[in-house]
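Each chain gets a letter, A, B, C and D, in the order it is written, and its residues are counted from 1.
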């Protein structure tokens, strides 16, 4: 037995709990999950059927945990798993699944398929069976602090830039601030508007906030590759930074992965509950707006639609907030036919940083493309830098005349001017 | 000889395998250790768990066009099967005499036949879809086909014995039922029980996050 | 054979009409007498030889319980036992012989240039499910029906009465139960295929050229050719007759008398036999008879060369609309690519 | 060997239905099954006649011809009997029988009829005489006790006759002679014929 296989199986075994047993003994292979998965509906390749992607874990369960497996191994008929049982699935779980979790919503027997695909990813990454690009990015996140190789210096340069542009001071390492804001790599490298918008909004609403020079990066490559240990290490950094500055609340950036890692999985990755609260930026903005601390003026005239980032909406429960926030600033807002909890992924998600999956990602985008075209919207608002990046790429490749907007920036752009000196 | 075996020891054996197997499986699911979730919940896991157990009986609006035939066939099969399993006169009588000691009002003969027809049509369509659709063809295992075949054979032998006059046909039906019972805990037929905890687990997971699953 | 049975059928029905419609005869008798030959006329009426059906009353309530003698019963019984069983056995045997002869003469009808491996989608999952549902139900009904029709002369000598009785009871009960499903699947078939089966202009040429059975070369056809369309309408129309007559037979609760049941039974058997005979031809043509046809009902895809050869007008449309996929893509779409086969426990 | 027959004299039957009742009682026949029935024709009109009818034990029985499982057999006494262990309840015998003799315990949707039941000439079935199985399935076996069918034995007007065809024919022939054979008084009452028997 090879080392990879041994490690992979060991990790898979540690992942088998009552839920996994229940899920696999419930699944009747009805194939409804296939109809919910954009990788299947857009390619019609049966291998992209969600439950098929869990096969390594399922096979292990079948061999070692199911009654039939126990029976066959007792009479010496068990068919042991091979390394191919793991490595053949590497492409399926890393390229052919964005972890959008739509399958988990539609399964008639209630199997959390996405959750189990994550377990497979976890085992594969632990066993060292992951796409090189992702492994490198994760390594960079561990070594340098960011998957895109962004260092504190880059952030400082950006801060300077933003301060110059807005004339506002960006608080860094302010101990005892109410909120610690985090950034995702994308927001540092591609969308500096995000920080600018934060500064404007918080200034407008009078929020006490800070950045941390030690914990500015919220992107969690560990989560993306599926490695819980590395994910935990990355979360630890944020925890340390937040605890050092004694903040009450940490703000997750728009990024969906960052939100999942911090808000939901973080405490489980590091094995202890947080001493601070974690909120998504949309939750905070919604609260501020409801409390009357954000006042907007003017409306976007063009037709807008909203793309629900899976990690934030379907798997994060932030469904009403973006709609509340859009309502006062959008003149002509239309929902996509399938929206909210049943929204279709744009093809990015967990696949976004996997360069090998480029072509598949673009094929999967076709679903989003037809969804957007149905609405007739001129711009798509979203609240995840990752979704935004992937969709921009799709829009560009398909030569669509669609603009992509970040919701936080839109709010910042519509802030009511205050009388000077207030 | 065979009659005595099928009506006697084999019946008790199959009942024992069925009930012990199901109990063992359910115990393995319910008493397995689960790590507590350390994140702060947004919504109630418990109420969402209960809600999801029921809400998954109907497909999401967004999915209806794609999987309508499967749901219709699925309901034809399952409702038909349950109706004839628990409300057909010979079954009620059998359960009363052999297992429970009490009976209830069975449905009229025509309703029995209609539910059997629904069950047959549903099962045939579901099975054919399994074979026709590339996705289900790929993911289906030997177990799925054996389970479908056994259920089909149980229903068919029951239908052959409808006249309730020929001992051999009754024994054939009972024998296939016994095989089905023995196979049950080893197979995906277990979903008849485990769909409840599965839905509840997933409902609870989504419920903590404030998502209506 | 059909004409003869139809004639017989008509003969069975005629007396009924004449009895119902014929005007009562006026007879005159010597004074004081009600009838010239009271006993003779009474029995003649009871035996239903006269002009009107003598319907009496009885304290026993039931179907036809007032009728003392049903004259058509014996006729029907003899027709079923003699003509129906004999001619149906001959028809079944004949169709197998014909197919075998056809196979000897024509062999497997191939495609010029062979199969290309490039495929085009012909039937959706749903359409194939409908087809096979109908096929499974039909086969089951055909087999159980034939057991009941031909079992006594053919199977009792083989198995003996006791064993055959089990088989016949099982066949009868399941035939009655599954029967109505034939109507359901027939309606599914009707709705999902009807649009493509309406006759159109080019179809006549197909008929004139004998559907390609005569001579070499394929005959022009659209999505379905004339032969397939005709088979479709045979299935639908005769199938509907078989279904409706079957329903009348299994629902003896509406007080239909023996006469109706006898006529309906004969229609049911003759139509069902016609369907069985033609369906055997269909099964042959769809599988071993022609190259590349079964694929369409199995996976939903057919070879583009097959489409060009058998359904050139549709094939042309596929070329124009660029619906053709490569062999590799086909393998991927139907789930037979090598990656899947690596896993032995899968794909049963 | 005897050939057992029924004969019902239409001149004598008074539609009292005693034969029907006697049969039901003797054989403990379930609800809905009537091995024998009395049919009245021209009820209330001139020329009214009643006839008691059951299985006529035909020499060339159409039920036996048509039965798909061949469950009928004719005994040495010329009685047509059937084997309920073979019968599948298809109902074809009912369609074929001129007299409507075959009866079914049910008449429900989806042709669930149960096994056929008919007059046995009080001769039971293929099981051992007087066995409990025979009694349960076919009713009493009077013939083996040397008794004739109860319906005929009970008939108060002696309209219904049963027994060896020769004997019945003789009885009937005598009655006909007594009534007179002329075309003008055939079917006319006993008194009008002016002949005392």
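Note that contacts are C-beta pairs under 8 Å (C-beta built on N, C-alpha and C of every residue); 3 or more make two chains touch, one makes a residue touch a chain.
Remember, it's a predicted structure, so these values are computed and weren't measured experimentally.
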Chain closest to the middle [Cα centroid of all protein chains]: B
Higher-contact pair (C-beta pairs counted), B-C versus A-C: B-C
Chain whose mean Cα position lies farthest from subunit D: A
Where subunit B and subunit C are represented by their mean Cα positions, the distance between them in whole Å: 35
Chain centre separation (subunit A, subunit C; CA means) in Å: 59
Centroid spacing, where centroids are CA-atom means, of subunit B and subunit D in whole angstrom: 52
Geometric centre distance via CA averages, subunit D-subunit A, whole Å: 87
Junction residues of subunit A, two or more chains touched: 44, 46-47
Where subunit D touches two or more other chains, by residue: 88-89, 108-110, 112
Contacts with two or more other chains, residues of subunit B listed in rising order: 113, 129, 133-135, 137-141, 162-163, 165
Overall pattern in which the protein chains touch one another (line/ring/star/complete/other): other
Interchain pairs in contact, sorted by label: A-B, A-C, B-C, B-D, C-D
Subunit B contact footprint on subunit A (complex, rising order): 17-19, 21-23, 25-32, 34-36, 40, 44, 46-47, 49, 51-52, 65-68, 71, 104-112, 115, 263-268, 271-274, 277-278, 313-319, 337-338, 341-342
Parts of subunit B lying in touch with subunit D, wherever the complex brings them together: 109-110, 113, 162-163, 165
Complex interface listing, subunit D residues touching subunit B: 88-89, 106, 108-110, 112, 114-115
Subunit B residues touching subunit C - in the complex, by the definition given at the top: 69, 113, 116-117, 120-121, 124-125, 128-129, 131-135, 137-142, 145, 156, 159-163, 165-166, 168-169
Sites on subunit C touched by subunit B in the complex: 125-126, 128-129, 132-133, 136-137, 165-166, 169-170, 172-174, 177-178, 180-181, 184-185, 299-300, 333-335, 340, 345-348
